[in-house]
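Both complexes below contain chain A, partnered by chain B and then by chain C.
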Partner chain A sequence: MNDDVQRFLDLFNERNAQRLSSQGPEPTWIAARRQAGAARFEALGFPTRRVEAWKYTDVRAIARGDFALATDADFSQASAAALTLPLEAHRLTFVDGVFSAALSQVDDLPKGVQLLPLSRALAENHEAVGGPLGRLTGVDFSPFSALNTAFMEEGAVVRLAPGTRVDKPILLQFLSRANETPVMSHPRVLVEAGDRSEATVIEHHVGEEAAANFTNLVEEIILGRGTLLTHYKLQELPLADLQVSSIQVEQGRDSRFTSFNINLGGALVRTDLVSDLNGEGAEANFNGLFYGQGRQHVDNHTLVNHNAPHTFSKENYKGILDDRAHGVFNGKVIVKRDSQKIEGFQSNANLLLSDRAEIDAKPELEIYADDVKCSHGSTTGQLDEEAVYALRTRGIDEQTARGLLTLAFAGEVMEQVELDAVSERIELAVAGKLPERFNLAGLVETAMALGDD
Partner chain B sequence: MLEVKDLHVTAEGTEILKGLSLTVKAGEVHAIMGPNGAGKSTLSAVIAGKGGYEVTKGSITFEGQDVLEMEIEERAQAGLLLGFQYPVEIPGVKNVYLLKAALNAQRAARGQDDIPAPEFMKLIKERLAQMKMAASFLQRAVNEGFSGGEKKRNEILQMLVLQPKLAMLDEIDSGLDIDAMRVVADGINSLRAEDRSILLVTHYQRLLDFVVPDKVHVLVDGRIAKSGDAELARELEARGYEWVQEESAA
Partner chain C sequence: MATEEMEQLVRREYKEGFVTDIESDTVPPGLDESTIEFISMKKGEPDWMLEWRLKAYHQWLKMTPPSWAHLDYPPIDYQAISYFSAPKRDEDRPQSLDEVDPKLLETYEKLGIPLHERAALAGVAVDAVFDSVSVTTTFREKLYEAGVIFCSMSEAIHDYPELIKQYLGTVVPQGDNYFAALNSAVFTDGSFVFVPEGVTCPMELSTYFRINEANTGQFERTLIICEKQAQVSYLEGCTAPMRDENQLHAAVVELVALEDAYIKYSTVQNWYPGDEDGKGGIYNFVTKRGDCRGDRSRISWTQVETGSAITWKYPSCMLRGKDSIGEFYSVAVTNGRQQADTGTKMIHIGEGTRSYIVSKGIAAGRSNQSYRGLVKVGPRAKGARNFTQCDSLLIGDTCGAHTFPYQEIGNSTATVEHEATTSTIGEDQLFYCQSRGISEEDAVSMIVNGFCKDVFQELPMEFAVEAEALLGVTLEGAVG
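After this line comes the complex of A and B, so read on.
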């Protein structure tokens, strides 16, 4: 076993001893899973590029890191307010993985909604957590899910009673601090949405400019019949932060899962998004946007399993890469043998703004049924210089013209974003400060006024 | 307003303009005519600032400013606007966005604040009506999926909104049926003003029946070979360009 793995395991043992002395023994199932996670991680080690799923992503920046574990959640209200989304929301905040009650807002939860930090959910009723947790994303999913299971302590539990509709979004904020010694955190998110419930969950990752921490998140989302869930992952981490996210969704009959996977920051970011369409009528919409500059590396692996007939999936990922940034898109759709009458559409387009930017795109379809409608495609190109010129001849400066066209490229995905606070962040990151809000919020009124007479 | 002196322009090693001089005064409408390949489009492209051309000699001044020293966007902000022969499609950028951003860029260059929304709406509404364009045009991406005629109308719409000091229109009449031609010509005529000049680049006389120019220049082999009034355009229509070419060669 190599030294890198040993270093993580040493910290694991140290943390276990510490926890035992301060909090006493944990419930047996948790202790057992930790051991299973650590054993699995020890056996697998960090993935190397010889493993197909990690062919284009070198995780040595993580493996070689010497990370501590955060012990407090201190973060000034003012700096948190400057970083976080200006939204009316039910909010849980984690600072380097540690829950911050001071930066959370959960006092007006509607009836039928539970939103609580994992530590509290465990304290209140650990058995209720033990059933679903780890059922979708176990220690075998990846070395990182094993590592997460070994270290998991904090995170969020969201439970929606059947028929509950949550009007305000549920916002999970993960703040990364500029620590003297970089830290790692292993948040665990569990969403259990009862039949016919409806909600928007936003995972927002952001931090202090000089932060250089590692976040290894595992999220499991279980959707009952007829559930409508919109999920945002808005990742705007500082440029030295490292992040691996494994998000897995199980969809019941007639449920609809809409994902926005938006990656704008971080040095090395890997996201795995998996949806199992297990009931007829289930629908998954994957919208993705990644923007890389400098030497950022951003890797998205998505997988849709059409496990039942009459299921639908639609995926649209857009990548924009500047400087020497490296992007990876791997989107896979698997149609099981008896999953007839399914529809699976996948599209990926990438824009390279520099000669040295790089994209590895691989759309994959595996179809074992014969009556299906599927398509996939991937394209990569540059900005249209004729269009840059045309905009400049109308008085728009070059930087703005390029920003506009870059943002226009992301348009199809942007148009689906319903939260203004989120689209504003994307606009700013991708196009810089534009002269007008790109979607011209007043447009509808303008058009209506024009149609008046 | 516009002064072009002894302009020599090369593209990919070939000299296209070979000492072209032209003076356009405020309030005048000039038409540049000439056979294909004479350099008509090169002139307007160089004035607008398109890349790929090298000015080897001569000067272009606009209201006393050295145009060749200005960035493309600065030329537009100063009131020099080019309507394209082949307007480019800009997927994802809505017309209304382009119009508002362009108008505000021009205002910012003049030290003015952004146009208030109601004023902008009123302006757009009037100009759309003038060009017989539906409000739905605003929400469509610039020129995307537009017919040839719609693209040309859209160029004129931009002119009507941005109110340039010098409007250059490159083969604006190509690909227009007679109805669209009338709308476009009406739009151009509505731009005529004492403090505005218009430079029409065209191969055919047809447009000039609707927009009667003050001066007509015939561009042959990179130089203005002959100048005259609207009557010259009619003569060219009747006799073709050969006699001018022969005259200038002699």
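After this line comes the complex of A and C, so read on.
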């Protein structure tokens, strides 16, 4: 593994030298943080399965990869248009981590909203970025956050002035290209939402079918008092792509954070979602859906820290696994001492469609206060035979019935989605992933017919 | 008179000199091969047993103590422990109940333990008050008629070497984990039960009956084998706080159930939890595992854990046989500064295997409690079924309750369900009871007992009654 770490470090040094010659010296704080990130990464190395947080996820596919860094953001307009979510949005697009102005759409930003690529935010006023950046996700969080800190160059900065209500969703689009040699990118997203602001942020990961790149994303979201933020991570990467991402949220008093973490693509995908409920009345809602096929590996780790009294969290994750796919769900709720009157609910349901699919679930509670209502439930099983039978008595053939029930299983998360464009996209993708034996054509017809009734 | 003087001199040397080594009952603290050889020799074990112990010792040397549990304790100096001490002679024990700590007696009173048993439990030289030998004898005859072997581990090594060779270490191998390896190297005694084919053991077996037999010590080894269609219910420990000088307890329990066999293993553990600051309490690091080898076999673990400063214990079931069943019912109560990390592992290997887990944790005072469980379903375990219910009750705002359930499922026909809740005794619940004239303390005890009911009803009758009383005693002063 040491050789692997060294290869990443060599690239790090090479990139630093290149940057110095082309752009001159960076502000001291950035350079210092890069070095800290690289040093931390060198010390930690890639996580092995002996580390509890990575017990079920083998990252050798990433560690052994020989990735270059992308230098341009060329992407055909036509194919980009086909991939882009069909909705009105303020949009930033990154191609293999490099900002593409041509594919972005930020003309009509309302007053009080700043949406700009990280490189520009740094160039304009790097000190304003230096404060919040890295405050939530430091280099100690994981070897990947350290690696991200070492390599970070591009990403998005979203700033909402107090009281701003953003009319259209903010779309951060990450495109993965079919490159001759695989590339890696380390996007960094920073969202600072002022008091009482309201917005929807969509992170959309998608790419060309033959792509096989590695994305290592770190996102920090800071919510002020009474802020309402809905966050989507819609991941439909090509099946050979690798992705590790960590999303950390800090919530002020009476704020509400709603997350949709939808993982449909990628060969190896790991998401860490952490929310710190720091102010009374703060609320976190985590919704998740993952669908694994082939040899896909999907790992979701969530953590809610109830750091203040009267805070609420609700979590609902659903997983569907077929073929030899491997799913991991680890949901943790921590209630700090004196954080009384807490409610924390967590539910995880998994559907195994194949005998070779595997799910490792670990819902955890760590509670140090007594006046709390916390629960978690985790189930794994197959479709309810009685439900299949009930549909068959209504003249639906067995395979269609199974398909419908699988869709309905995912539906519980999908129907929470407020944006039609997103929910339709997910529904189509899920339907498209259903095994052929489930009689797709019949399925759509039946679904339509049922919908008409 | 030179010869007489000579004789005297010889005798004197004999009295004070070199031979005391052979007579010595205790080895100096420390652990190396010679300690193990000493233990093995002292117990007159055959060579193969010594080799088996040494093999475990060599594995132990290469291992490190587990650090993953949610426990906090200073590192244990394994070289500071004395690994063998013969039972105390009667002269060294308290001669009557008057010499016993009155606090201990008060607890016995509250638990309603019969007078003659109190002495035995407090470690008083028992023969004077309670002739347990006669009880044991009648009891043994009855078992002998049924064909059940129930004896100490050392006897079994002598009398049934073939069975020991066949089964010992097959469920918990010597190198299974740090504490199991240590136990395998230095275990001093324990119980051995063998129930032959088709026999239902005529009575509930209990270590309690062997109270006056050799002190089993801190490294206890239990092996229970049920042949085809045999059944046994085994009770370990007792509700009364046991007097014990050993701080570290690392026991190993192995259960083997062949086809259609049923083993029910109940534990009530109430060892010294330490003083108010948690000092001096017992460390209970136990490896318990049952192997459902045969088809349709069933192993059921029931435990009530109220004692020990630190509990590290995961009674598990390997469900190998087709349609075999594993069950785990647990109540763990922690108060003061106690820490418990306990739970179970259900490994589904065979087709149609089922497991059922009910865990109730009650944390009070400044204690910390964790449920840690694993449900693993292998690719061949078609139609495996698991249900887990895991509830925690918190009393007071300085305690902690945690749940770490692991589910590893590799079979689409498996159905695995896990439910966990954490809550406190609601003020409205208390108010409801109090408005009907029930005192606060009684109300709490009632609610707590209701909370634990699912587990208590799995206990043998007498045990269940005692367990309820025990719960009250343990939680005394936790409320109000």
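For this structure, a couple of remarks:
We take it that the second predicted complex is superposed on the first by the 413 of 453 C-alpha atoms of A that agree within 3 Å, B and C clash if a C-alpha of one lies under 4 Å from a C-alpha of the other, contacts with A are read in each partner's own complex, and residues count from 1 in each chain.
Just so it is clear, a residue touches a chain if its C-beta (ideal position, glycine included) is under 8 Å from a C-beta of that chain, and two chains touch if they have at least 3 such contacts.
Predicted model, so just to flag it, every value in this text is computed and none were measured.
Contact with chain C, but none with chain B, is seen for A:350 once the two complexes are overlaid on the shared chain.
Once the two complexes are laid over each other on the shared chain, residue contacts for A:17 go to neither chain B nor chain C.
In the superposition on chain A, A:359 contacts chain C only, with no contact to chain B. In the superposed model, A:81 makes contact with neither chain B nor chain C. Contact with chain B, but none with chain C, is seen for A:389 once the two complexes are overlaid on the shared chain.
After overlaying the two complexes on the shared chain, residue contacts for A:374 are found with chain C alone; chain B is out of touch. Shared-chain residue A:338: touches chain C; no touch with chain B. In the superposed model, A:51 makes contact with neither chain B nor chain C.
Residue ranges on chain B touching chain A, taken from their complex, read 48-51, 71-73, 75-77, 81-82, 84, 87-94, 96-98, 100-102, 104-106, 108-109, 114, 117, 120-121, 124-125, 128, 135-136, 138-139, 141-142, 158, 162. Contact residues of chain A toward chain C in the complex are 52, 56, 337-338, 340, 350, 352-382. Interface of chain A with chain B (complex): residues 384, 386-387, 389-398, 400-401, 404-405, 407-409, 411-412, 434-436, 438, 440, 442-443, 446-447, 449-451. Interface residues of chain C, counted against chain A in their complex, comprise 68, 70, 379, 392, 394-424.
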